Amino acid sequence: MANSESLPVILIVEDETLIQTLVEEALADGGFETAIAPSAEEAVTLLRSGVTDYRALVTDINLKGNMNGWEVARRAREIDPAFPIVYMTGAAADEWASQGVPNSVLLVKPFAPAQILTAVSQLLNAAAQGQS
Amino acid sequence: MANSESLPVILIVEDETLIQTLVEEALADGGFETAIAPSAEEAVTLLRSGVTDYRALVTDINLKGNMNGWEVARRAREIDPAFPIVYMTGAAADEWASQGVPNSVLLVKPFAPAQILTAVSQLLNAAAQGQS
Amino acid sequence: MANSESLPVILIVEDETLIQTLVEEALADGGFETAIAPSAEEAVTLLRSGVTDYRALVTDINLKGNMNGWEVARRAREIDPAFPIVYMTGAAADEWASQGVPNSVLLVKPFAPAQILTAVSQLLNAAAQGQS
Amino acid sequence: MANSESLPVILIVEDETLIQTLVEEALADGGFETAIAPSAEEAVTLLRSGVTDYRALVTDINLKGNMNGWEVARRAREIDPAFPIVYMTGAAADEWASQGVPNSVLLVKPFAPAQILTAVSQLLNAAAQGQS
Amino acid sequence: MANSESLPVILIVEDETLIQTLVEEALADGGFETAIAPSAEEAVTLLRSGVTDYRALVTDINLKGNMNGWEVARRAREIDPAFPIVYMTGAAADEWASQGVPNSVLLVKPFAPAQILTAVSQLLNAAAQGQS
Amino acid sequence: MANSESLPVILIVEDETLIQTLVEEALADGGFETAIAPSAEEAVTLLRSGVTDYRALVTDINLKGNMNGWEVARRAREIDPAFPIVYMTGAAADEWASQGVPNSVLLVKPFAPAQILTAVSQLLNAAAQGQS
């Protein structure tokens, strides 16, 4: 937005179609573009490829495959230490204090679309200032 | 949102129908459910009953009855010390520093719907991290 | 909103019509009123006149005329030290740390409408508490 | 410090001689001057008199007399909404969320002298920025 | 301090005698008691035993044995999600964003004693408010 | 401290001998090394030379010569956008909101030595995390 360039793209790591749709719609309503990775492994591949300049990661904690959301966030931060991270969880909220990365946001299900928009926007706005 | 569970429910304490409607619509637009208590006394009764798991309180300061918004927020925090509190006021903003509770947000009328959505979302997102 | 008074008015300093429209629409969607100043000089004149009680400034950095966005923000803060400031920039983000004012927000283009709504709302909500 | 004017004076509200001495020594080590009020009533009298320009309040919660530390802090904030407040408590920490004022610091006994110096310094440094 | 109870005890995880001494002296100067664990394994044993009520962890990153400082902090947070954590490192600062826990402080060597006192005090003061 | 390397060096920009001495002693008590630049021009020369790796700038506002403290801080941030900045002032506090740089600290004279130690330590600890 705000000029002719493409919108900021948010990478969503989620294997449940229902939640994929809900998060995509919330972010699209706020003017973000989104991409979906159905597993942590695919998310890490996309982040490492550098083909798209993702601006933030929104990840579920429980994922099919060998890697969970805590792990995909650590990998994203190894690639870019300032990468904005939002976790979504129902049952694993009590693990954030030991498994989450610094300056991340935890959304406990059920959450409202406004909460994910505020979380992503706050982290992006703060990251812009760190980059300067 | 984000799964089959119910949406987060926000308790609004307000005795003016016009403002009730405006706050309800703003929160509904952001994906929250809302409940209205027309007086502080009814709000405290609802919070104490534990029937609904309210996730935040949005309260006007001047209310009919013997209890004002500052008092209903203190009662809510006695029940749950981490309860997110948003105050709305026109004339009583200068009392927040002495009458408000810690980590609350004050909205001065007139405010835009985006301000109430951001206030409630920020407080809910921060509370999730303290709970973990 | 929230009563019969007028909505909070945000002053946008922008000389490109496309971005003017995009920012206006984003803020209007969140319930704000907006006014446009096409140059820094006109913005300063509007702020000094005191005719409208602007609640925040959203300014591009590169502006036609002799004054840029960094300078118009300093002037706004000389008039009101608590005035909320949001900068928008593509190329000048690395100047924020030396040219920006304290407690301002920097939006790097391209940004999503949700980012500008969150930035303006957060700054207004924080300013309300400082005023009390 | 830092010029020929007097040092910042911190008002300590405490009725136990042992703790009075410990807090006084900690603040004196950090370069502050201190004044002692042995009761909330005397503290309020000193703050209202305006004879000394106290820069912060450090108060115990349980005090002899009719007023406790929560109440003396509210009175101090009615006089100056930006007044820095530090509470000290052993047993009443769980009341801070409902009885404390916004932007205050709670020290739970036993605490180290460095904690009180850091608390007072942080609040004073933040208040300086709000005043500008 | 501040009453007849024991001082807050800080657990230092460090295998170099020189740094052990320096950190112990800095914390003692600020009025803290300290205990030393020369390895991550011993630190975890002490935290799990519950014999002493440690109030914060100050840990080097590179430690002899199979566990590093990032890992000992995660274990401490599994035991107590609000546990204050300070990391000390020379070469591993760039790993904090991916390996550190939320709401922790990173001290990059060489650091001054005042930095460790401020870090520990800030985290303890913030934790007190979360506990209330 | 904390290893065999040199201590962090803080650059103090001050032309009054009395205040030079007071700030030097406060920082030395906290374990910092200090260097003095008696004018803004000399401070900028030292920062640009890169001979010493200064870790923070503590500057008075009113300085002899053509450059004031607001200006020297902007130059320091042009060299390093993350450079920690502490301003000291008696009469110019109300200019900080328009002339200060983001994420800086303002100390209003008279201030206690603990305030300057806390300000420098907080900014250094925060900067360490941004660097990772």
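Chains: A, B, C, D, E and F, in written order; residue numbering restarts at 1 for each.
To be clear about the criterion, contacts are C-beta pairs under 8 Å (C-beta built on N, C-alpha and C of every residue); 3 or more make two chains touch, one makes a residue touch a chain.
Heads up on the chains, UniProt names are A, B, C, D, E, F = Response regulator receiver domain-containing protein.
This is a predicted model, so every value here is computed, not measured.
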What shortest step count links subunit B and subunit F in the network of chain contacts? 2
Is the C-beta contact count larger for C-F or for A-C? A-C
How would you label the subunit B and subunit C contact, same or different, if same means the shared numbers make up over half of all numbers there? different
Relative to subunit E, which chain's C-alpha centre is the most remote? C
Expressed as a multiple of 5 degrees between 0 and 180, the CA superposition of subunit B onto subunit D rotates by 180
Please compute the C-alpha centroid of subunit A, do the same for subunit B, then give the distance between them in whole Å. 28
Using the average of all C-alpha atoms in each chain as its centre, how far is it in Å between subunit A and subunit E? 30
Averaging only over C-alpha atoms, locate the centres of subunit A and subunit F and give their separation in whole Å. 37
Residues of subunit B that touch at least two other chains are 81, 94, 96-97, 100, 102, 117-118, 122, 129, 132
Quick one: label the inter-chain contact graph as line, ring, star, complete or other. other
So, with touch as defined above, which chain pairs make the list? A-B, A-C, A-E, A-F, B-C, B-D, B-E, C-D, C-F, D-E, D-F, E-F
Interface with subunit E, subunit B side, in the complex: residues 81, 102, 129-130, 132
Hey, which residues of subunit A end up touching subunit B in the complex? 16, 18-19, 22-23, 26, 88, 90, 93-97, 100, 105-119, 122
Spell out the part of subunit F that touches subunit E in their complex, as residue ranges. 1-8, 29-32, 117-118, 120-122, 124-125, 128-129, 131-132
Would you mind writing out the residues of subunit A in touch with subunit E in their complex? 74-75, 77-78, 81-82, 94, 96-104
